[in-house]
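After this come two complexes, each holding subunit A, first together with subunit B and then together with subunit C.
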Partner chain A sequence: MSALSDLLHRAEPIHISGYLWAYLDAASKREIRRALLKAVCIPGHITPFASREMPVARGWGSGGLQVTLATIVASDTVKVIDQGDDESLNARTMRALIADSTGVETATDARAATLIQTRHRIPEDDLDDRTVLVFQVPISDPLREFEQRPTAARRMHAERDYAVIWLGLYEDHARFSRSRFSHSYPCEVEGGYIISTTPIPRFDVPRLHQAPFLSLFGAGREAAVYAIPPYTDVTPITFTDREFEIESFDTPCAKCGAEDSYLTEEIVNGRRAAVCSDTARCRRRQAEKGPR
Partner chain B sequence: MYTTVRESQNAIDASARLTDQQQAGFDGHDRAGTVGALVPLLVDQVMAEAGVVEPAVAAKAIEQARGDVSRAVSLLRSWVSCLPREGTSVVACSDIEVERRITPAFAEPDGGQFLGASLDYAPRLLNLDVTPAGGRASGDTGPVAEPDPEPLVLPRATTRLEEQDLIAATESTEPVDLTRRASAAGAGRGAFQHFLSRAETGALTALAYTAVREGPKQADPTLVELRAGRLPVSVTHPRTGNPVRVGSVAVTTCELVLYHVQVDSSGEHTDSRFTLGYGATAGRVERRAISAAMLDARVTRAHANPPGTAKPPSDDADWLVTALDGQEATGFVEHLKLAHHVSFASDLDRVRALGEHIRNDEE
Partner chain C sequence: MTTPALEVRELTVRYGGTLGCADISFDVQPGEVLGIVGESGSGKSTVLGCCGLDLQPTAGVVRLSGRDTAAVVGAQRRRLRNQDIGIVRQAAHEELRLGISAGGNIAERLLATGHRGFQAIRARVDRVYHEVELPAGRMDAAVATFSGGMRQRVQIARALVSEPAVLLLDEPTTGLDVSVQARILDLIRRLQRQTGVAMVIVSHDLAVIRMLADRLLVMRQGRVVEAGVTDRVLSDPRHPYTQLLVSSQLEV
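Showing the complex of A and B:
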């Protein structure tokens, strides 16, 4: 049984027998594309779609994968990251499935990619209007924390009734002088719907505002997509006299020295150190700096 | 083939031995020594939770998943997900060719009771002898009876109650294919029925159990009819337009009623009729059908309550459709194994900032 290692270490794309180009059948692609078109037309609207069962478990990126496979074209160059890392197991299996079922080019350099599927991060390189960013979404609804019944939450969105989120934010500030939201910070899109910025850290949220790239969010388990079209206002919700805070780091990256990147802990030369979570950009900066 | 429930020990033994002869979704193929023959009810469970009746493929999925039910269901569902839907066929559960039918609510229903194949009354004694694959250890392995040449079609036992206007009106159930819809939430009883028919067996049973153990004060459930058999499937012939029977699937259905008095918001008694619950599942895992019927009844009853009445999870369709799908549940629980250091770093940032605030407050 070396199917997995074949998949991970293959030199050339493997044709997956018995399945169609980009895995999905035409009817499924049409269903997902229709939902995506609607989502782009109504920025931030949680748009239901008939989510298909995918060859990955639900909750493991089945939504992002459906969006990717429904929108991919043969000329695309695909990058897949998990936690900012192209080489994490999950990113590799996802990338292998996308590449093997389509034969498209893959890249780790975000600037070379036209379609980037991501879990938990936005690549830190500048992305332009040729890029489509596909987010894997675990919990699509920012109201979930406050209202668990989907039918009730749907009505609240329809009425733009976000009082519970504002109230929660107010209570945080009254008690702690700051917001408790960590990742998935709720943001208002173009003055309308409030979305959950999937578990990307607050650090990445400002990148969504007036971004030149198209952001598509896919939640497979929850059977929903939503979108932020290019050049759209994305405003993290906060009171006018309270600043939106991003994560702060008190050291530069231990590998590339960057002072402007999102850091996570890793062991470097036997010691615990903070390093870039965007590994492709970090490696490039290390190469540019040359050997120490 | 059929043995009435009133016969004593012979019926119990014959009923148990009949289970030996029954294979998952029997379709005339010899599958001796295969997974399908060894664990027919497991194959049934996987097919039911997947919503796909294809015994040979389900057996393959179980093998390839090394016996992990959730993974086998995942394999089956994703295999069928992108296959075209060639046609639809609406079947009536009253057309079931009955192989087993029990009516706990009535001793002598129209058409009679048939114990059929069941281990319900067989003692649960583990046999430690090595027995051939698929066999219960029983001295007597001869056939129980010759199959009946005429299919047995019986009226629903609930009809008797309906004719006397003892069943409260229920929402009509248009068939809904959830695999081609976004969500079961708020999509009506037809969607809820399809959802329940594919719900995870353990979760389904647990929620039905919470409803049963509330006791008679809340809502006393009585099982009116449980039937297992084969449901004929017909499609319209593309040329002639006539219905053509293309096969049949093994199904189990259940109808039960809740006894309770409906009270409106003014405190007046408004309806004393029974609430009917219906449950159906592919295959012969009977607790699936019973549990589905129980939850259907509870949700129906809660629907008739005055708005604002508190609902336990078993009565809350929104709650149930977000919790009982095995693929959604196992997938999301196990996704915690994926790396989370980016979002965790964000959590850490808040924990430190909030901790600082609390310490400053204390000083």
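Showing the complex of A and C:
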């Protein structure tokens, strides 16, 4: 990701439209990078950092934005998505901030991007080991639902005391015969910590297992980061006699006809239709198919 | 000589300058029931807290099936509690999660000790749920919808599901009406005989102790003032405090 020239380039503030290069000051970047290094060294460990005030409201991607701006280098190509969509307002404004304050290339094609900031999805194209994925995280701790005291939750993580998460899973299977997690499915990282795969759908969870890319999770409001290094085991927790199931769809995408993608609901020609959530890939497939 | 399920030696607990209990020693053999009586503040619950690994003794030793519990810390300590010790408290909400189903509350101890097969867990929970005579068809209902007596039954099921070596009961029937109380005590006695679990029961109600306990400790101001076989202590009390306690019982 970083050549020596990039490092030099990054160390020196360049003023684009009145801001420091990559918006954050050098001390902030260093602090966030140190937290990220620790997070990568201890996969799945929730690492606190000094979350800054950002020009987006907390809860709107301030954590992901800080991680992106602290790790970006001049040679990066950036893609920003929200629910798989490059053109949602939130994605557009953050992409503009990143591009304007650094001058890096932007892309919608995930295969061309080296730094992808995302909320809710992992791009469906194959990503390689040059890619860094930055997740915007609303709630970092999978124990939060069951244990609100941070001191108690930290002890539980340290002792791998995850009975309450299993209890939630037991309740779901007892009452509904299946797990109710639609997103943020709890996963064990490298046989150790349980993380919240937040907030991606179950559909994307298997792609984290032994992924070639680096996943960085940033929670701005909670001032916490965590990470999954490349080629790490990520196992969705489930009972030994219950399969982990991903969402399945009974129709293909109404726009590109894909049968293997995650669909969302949209109005197409005045009708409700199921279409690809990954808009960039959908558009490319439509173009490949040619005009109807 | 078998190894006692629970061994307490010269147990002392201080809360800052206040004495919780001093120099308490007793054994409970597998299948035996020990009662502890005494007035409020006499140190009964302190002793039980140390046996249940909730409290750290200031001095003295607590051994579970011959194993010194002071050396067991962190995750191992939690595992020991979930596996080898069952606890039933007076206030059910201290032990149970009211928003979680009865089955879930019982299953939690299995989940905490590494059980991961849903069918197997479900079968064990179902068996013990019916053993404590809870109504069929309510197993997946939240404990918050259960009556006081039913909550005590859920606690008993939760305590016994892991097949513990020691069952600790802290005023298990206090606050229940007398008919429910009698049925719960019957249940406890039946399950204790059936499983052969070692049991320590704390109560200020001598009728409860007389019904369940083989042996008895009488505590006052943190110390044991009299100990012996239950029938002997209650029919022929020797210490003045025990005499007072026995004569204070209301006759119906």
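The working rule: the second predicted complex is superposed on the first by the 274 of 292 C-alpha atoms of A that agree within 3 Å, B and C clash if a C-alpha of one lies under 4 Å from a C-alpha of the other, contacts with A are read in each partner's own complex, and residues count from 1 in each chain.
The rule is short, and it goes like this: a contact is a pair of C-beta atoms (placed from the backbone, for glycine too) under 8 Å apart; a residue touches a chain by one contact, two chains touch by 3 or more.
What you see is a predicted model, and the numbers here were worked out from it, not measured in a lab.
Judged by the touch definition given at the top, the superposed model places A:174 against subunit C, while subunit B stays out of reach.
Subunit A has more of its residues touched by B than by the other of subunit B and subunit C. With both structures placed on the common chain, the touch criterion links A:284 to neither subunit B nor subunit C.
When the shared chain is aligned, subunit C comes close enough to touch A:241, but subunit B does not.
Shared-chain residue A:166: touches subunit C; no touch with subunit B. In the superposed model, A:209 lies in contact with neither subunit B nor subunit C.
Once the two complexes are laid over each other on the shared chain, residue contacts for A:183 go to subunit B alone; subunit C is not touched. In the superposition on chain A, A:34 makes contact with neither subunit B nor subunit C. The touching residues of subunit C, when paired with subunit A in their complex, are 74-75, 78, 82, 97, 100-101, 103-104, 107-108, 111-112, 116-122, 139-140.
Listed in rising order, the residues of subunit A touching subunit B in the complex are 19-20, 23-25, 27-28, 31, 48-55, 57-60, 62, 82-85, 88, 90, 119-121, 138, 148-152, 154, 176-178, 180-184, 199-203, 221-224, 245, 247-248, 262-265, 277.
Across the complex, subunit B meets subunit A through its residues 74, 77-78, 80-85, 179-183, 185-186, 316, 318-319, 321-322, 327-328, 330-335, 338-343, 345-347, 349-350, 353-354, 357-358. Of all the residues in subunit A, the ones that touch subunit C in their complex are 159-161, 163-164, 166-167, 170-171, 173-175, 239-242.
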